[in-house]
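Common to both upcoming complexes is chain A, partnered first by chain B, then by chain C.
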Partner chain A sequence: MTRQKRSHHKLKRAVAPYLYLSPSLLIIGLLMLLPMVTVIAYSFQNSAVLRRDPSFAGLKHYQAIFDDPVFWASLWHTLYFTCMSVIFHMTIGMAFALMLNSDRINPTLRNILRVLYILPWLFTAVIIAVIWRLLLEPNGVVNSILMQIGIIGSKVEWFSSPQTALHAVTFANIWAGYPLFMVSLLAGLQGIPKDFYEAADIDGAKAYQKLIFITIPQLMPIIISISLLDFIWTMQVFPLIWITTGGGPIYSTEVLSTYTYKLAFSSYNLSQASASAVVILLISLGLTLFYIRYQKAR
Partner chain B sequence: MFRIKPAMLKIAAAAWLLGATGAMADTTLEFTQWWEPELPAGSLRAIMDDFEAANPGVKVTLVSGPYATTRDQISVGAATGTLSDVVGLDGAWVNNLNAQNALADMNPMMDASGFDKSQVADIIKVDGKAVMFPVASFVYPVFVNLDLAAQAGVTKLPSTRAEFLEAAKKMTKADKNQYGWVLPLSLQTPSGVQNDMMSWVWASGQSMMANGKPDLEGKPVVDMLTFVKSLNDAGTISPGIATKTEQEKVEEFVNDRVGMMIDSLAHVNLIRKRNPKLNFDLIPVPVVENYTGKRGLPYASWGIGISAASKHQEEAWKLVQYLMSEKVNAKLVSLANAFPGNVNAKPDFVTSDKAFGKAFEIFKTGYLANEFTGLPVAEDLMTQFDVQAQKMLAGEQSPEQAAAAAQKGWMAKF
Partner chain C sequence: MAEVVLENICKTYGNNFHAIDQLNLSVEDGEFLILVGPSGCGKSTALRMIAGLEDVTSGSLRIGGVDVVDMPPKDRDIAMVFQSYALYPHMTVFENIGFSMRLAGKSKAERKKRVDEIAKTLQLTSLLDSKPANLSGGQRQRVAMGRAMVREPAAFLMDEPLSNLDAKLRVQMRAEITSLQKQLGVTTIYVTHDQTEAMTMGDRVAVLKGGVLQQVDTPKRLYESPVNAFVAGFIGSPSMNLFEATLTGDELMSGALAIRLQDAAFVRRPGLRSYAGRKVVFGIRPEDLYDSSLESGRKYQTIPAKVTSIEELGSEQIVHLNIDTVRVDSGDPDAVQDFGLASNAVAKFEPVSTVRSGSEIRLALDDTKLHFFDPETHLAI
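Presenting the complex of A and B:
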């Protein structure tokens, strides 16, 4: 084989993998990278989208959103909403998974509970929002029951009061999201070898000791992975909050997603909306990198 | 043997030239709007077919979608220069679109065609440019549940704000989940500021503007806020104000849970369908004491305008004229249960339906008033006012402070 033929063959071998990958790379580029790069570019332009000849704005729009107290309130609400949701998703999901995995519960009852507990997962965000709006409205079922059993003395405007609105939307999101944890942890529980528990029994370990020293360590990889994913997804929740409160009353449930939406479609300030979207992107990106590093380390 | 004669060649060449230059081609107008899905199926297309028959060589392609989608489509079209030839408009959008030079000035078209301006209910102008005609108007009177009013001993339906407060107090029975009035101030759709709050200002012939600038700290707006606060302090407003939407407002009225609401006339049929037994009447929005002038009637409209980038403005103007003409306008608004953009048009439902007939009388004796039409980022202004009103109703600030805070926010947008 001549030297020229050999180098041609080498080149073909080097290029071939990229040719195989090119359809996927093209799709990723068009559907993910291009929109992302476009939004980043908009955040540095004046009158992005609305003008055919937008001028360069530098960091002006980032400065504007960082100077806006509503942005910081939104960031705080997002963190509260996300952290509380993830913590309770995990706690409730773990409790229900342990219950469904227990031999002490009658198998028929266990099957019924399995169906009931997974129900919130079957509803879309819009349905969940409507359900909770109806339940928590001042004349709704929740107030009626709480008043009858004497927990509250008068009707509480759960979504309409600045004092309760953020807790109410967080509660609705907790209700909607725990089945993901429950199903994942249940699968994990069923994969823990019985020998561990038998050995613990021989050593005279109590139930809580088995939970702390066997169950939780065995489930830890699942807990961390699902928690990180849940954190990323919950941070971006929009329809539930938009339909229940619209970010109100008085910005009390404004989160980064509703803040960005209002900038774009209420104020038509698409440049600032892009800057806000880039901030969300950076936070999500940080969490995603953390998730990827964790997965690699495993 | 077939031979091509020079004459045949000349005819073919002429035909090709005519075709290439467009002289023989039909002009196709694109008409973007959200009206078609809201009208009986096929009815807007039928009107377009009639237009095409009356104007040979002009075809109309309808680009239809829901309101919000159309709004976004028009915003992007204006930015990219791809706006349809004729566009359905909401008054709240025109300022932004005009700032983008996206809408054609219809003044020269009116002058050139000898269009009778006195026949149209309104011409929306921005910077002196005639950019929109309201084709159909959906007015917002007060709906009163007559059974609740009778049970509460309200014998005379309110005509002034003081009478309204008294009637609302009488109709409120909180222990039975029954309230005098309903106020939807959800930030998701802040149109409650326009329809349920500012309507009190306009009804008394007052304004929220002065010399083209916001005047929210002026007496009319502060008085309105004080009045709304007094209704709230008296416990007459159905709870859940801050997250209540227009649909929920209507549902509460339909289910006998509120005695009075300000709402679109377009909902009359919906209300009847949901509760055929509901006994209700329509009255104009009550006014301040001793006011005897004409009443401003809040309205939302289906507006129409022409794209500045359209290559077929002459044909587009023909379509606008056609939709604004007496007979066609009457036909369109009859289908939409709306009031006409042509003052001579009389929709058929006003003679066949008592409620619509009464509303038509209110419409004819008053004037259309919606000061958000033509304002920059109107929805954003409503949101800002909404937040301040919510703070006031939550007891965090006085009406004067709410007005001052809203004024500050609005001025930044002007």
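Presenting the complex of A and C:
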């Protein structure tokens, strides 16, 4: 092989992987990178989109949203909504997965429960919102049951009272999201060798010790991966809150996604909305980098 | 340390499958007993019942004189080494070995002292901070042993602990486990399907087939006096050659073969006379068959045979032969592998033998080493 031929072959080998990647890179660039860059640009412009020649605004819009108490309320609500959702998704998902993995439950019952427990996952956010609006309305089933068993004395307006609205929305989101954890953890549980538990039985481990020393450490990679993904996804939840409460009453369920939406499409302040969107992007990016680092470390 | 006694132990599964049928076995204090048999013979089930990981359907099971049938595994004072080793991948070697002590609420200082002692015995001291994934197969095996030893149990139960190792390491670990058992003097029940492990490691060997105990004896007696054709075929590698013949006078007639029996054969087995004129199964081990061209001095009887293939092992040759006679199946599913399609007998020849594949030879046999079995019951005569 001549020298020229050899270098040509080398070049072909070096370029080939990028050629294979190019279609997907092009699509990602057009559909994700371009809008992202545009939004970042908008956040530094005055009257973005609305004017043909917007002027440079510097950090003015960022200053404006950081001075807005509603932004801080939204950030707090987002954190509360997200943290509670992830914690309960994991706890409920783990409890149900352990139950479905147990030999003590009759196999037929186990199959029925498996279908029942996974049902919330089958519904879209809109359906979930409608279901919970119906269930939690003042004359709904939940109030009726709670009054009958004496937990509440009078009808509670779950979604309309500032004291309960955020908890009610969070509850609906917990209900909608635990199956992802349940299914992932169940798959993880089924992959733990039976020998580990038998060895622990011989060593004298009690049920809670087996959970702490074997099950949880074995599931840890799944728990961390799914929790991080759930955190990223839940932070961006929009339709469930928009349809149930619309961010109200009196901003009590305002989260970053509804806050940004309102800035953009109610106030038509697209520049500030872009600044808010960039803040969401930065938080998500931080979590994503953490997730990628964790995956690499594994 | 303790004696382990199984009396009329039965195990029946929900689908009415009898995994173990009336198993009676007594393992003495400090003894190394091997449970051996082909796949599905119930040996692992028996071990798991002793460990308490399987319920006993009926019968009595005593460890150190205490009836343990209804006791949970942790109260039986046993330790088990699993085939997979069951080492916790998220724990270090130190944590794996000291796990039972941690469960028992022992202080870290106590744990460290005991684990260090064991690590020293097993040459694991430098590996105490490693995770199992970073260990070789042999090291993992030793950690599994360490985890069993840390509890100072009355009995060790081992379920095919060497089956995941390569052949060379297996030989080394075989010797290590045997010497460790002698050093500790702990009653040990060891399950294997490998008859070489069974013969080389145990004080006594219990052979199981289809959930039924066939024979419990020392390796030497199992080899020399198997109680039936199955044990004869299972113990020894390659398996004993078993053929059908008719006893005519003092001659075994089988196909074109005629093997004359000496009086000593009838003296040793008085029952053999009653088979006169009837069919009988006779067996001869591959190591008792010789290349006649090398054995002219010993005056062995010779029979014609055709060499079908030869396996050169350096120290010996495994010669597959076709003899004009009817081979009898011992009932050992693994034994079938010893015979090719064209051959019905196997011999072990010295490396100096010059026989070639496809050649017709005279096969010398040591008729004092013949074994005889009833053709119906396969019991030894």
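Everything that follows uses one rule, which is that the second predicted complex is superposed on the first by the 282 of 298 C-alpha atoms of A that agree within 3 Å, B and C clash if a C-alpha of one lies under 4 Å from a C-alpha of the other, contacts with A are read in each partner's own complex, and residues count from 1 in each chain.
In the analysis below, contacts are C-beta pairs under 8 Å (C-beta built on N, C-alpha and C of every residue); 3 or more make two chains touch, one makes a residue touch a chain.
Note that the coordinates shown come from a computational prediction; the quantities given were computed from them, not determined experimentally.
Of the two partner chains, neither chain B nor chain C is touched by A:74.
Touch criterion not met for A:85: it reaches neither chain B nor chain C. In the superposed pair of complexes, A:274 makes contact with neither chain B nor chain C. By the document's definition of touching, of the two partners only chain C reaches A:198; chain B does not.
Contacts of A:215 after superposition: neither chain B nor chain C is touched.
Comparing chain B with chain C, the partner in contact with more residues of chain A is B. Against chain A, in their complex, chain B makes its touches with residues 72, 75-76, 78-81, 96, 100, 177, 185-190, 239-244, 257, 377, 379-380, 383, 386-387, 390-391, 394, 396. Here chain C touches chain A in the complex through residues 51-53, 72-74, 78-80, 82-84, 86, 88-91, 99-100, 103-104, 147, 151, going by the rule given at the top. For chain A in complex with chain C, the touching residues are 193, 195-196, 198-206, 209, 213-214, 217-218, 220. Contact residues of chain A toward chain B in the complex are 49-52, 133, 137-139, 155, 157, 159-162, 165, 242-251, 262, 265-268.
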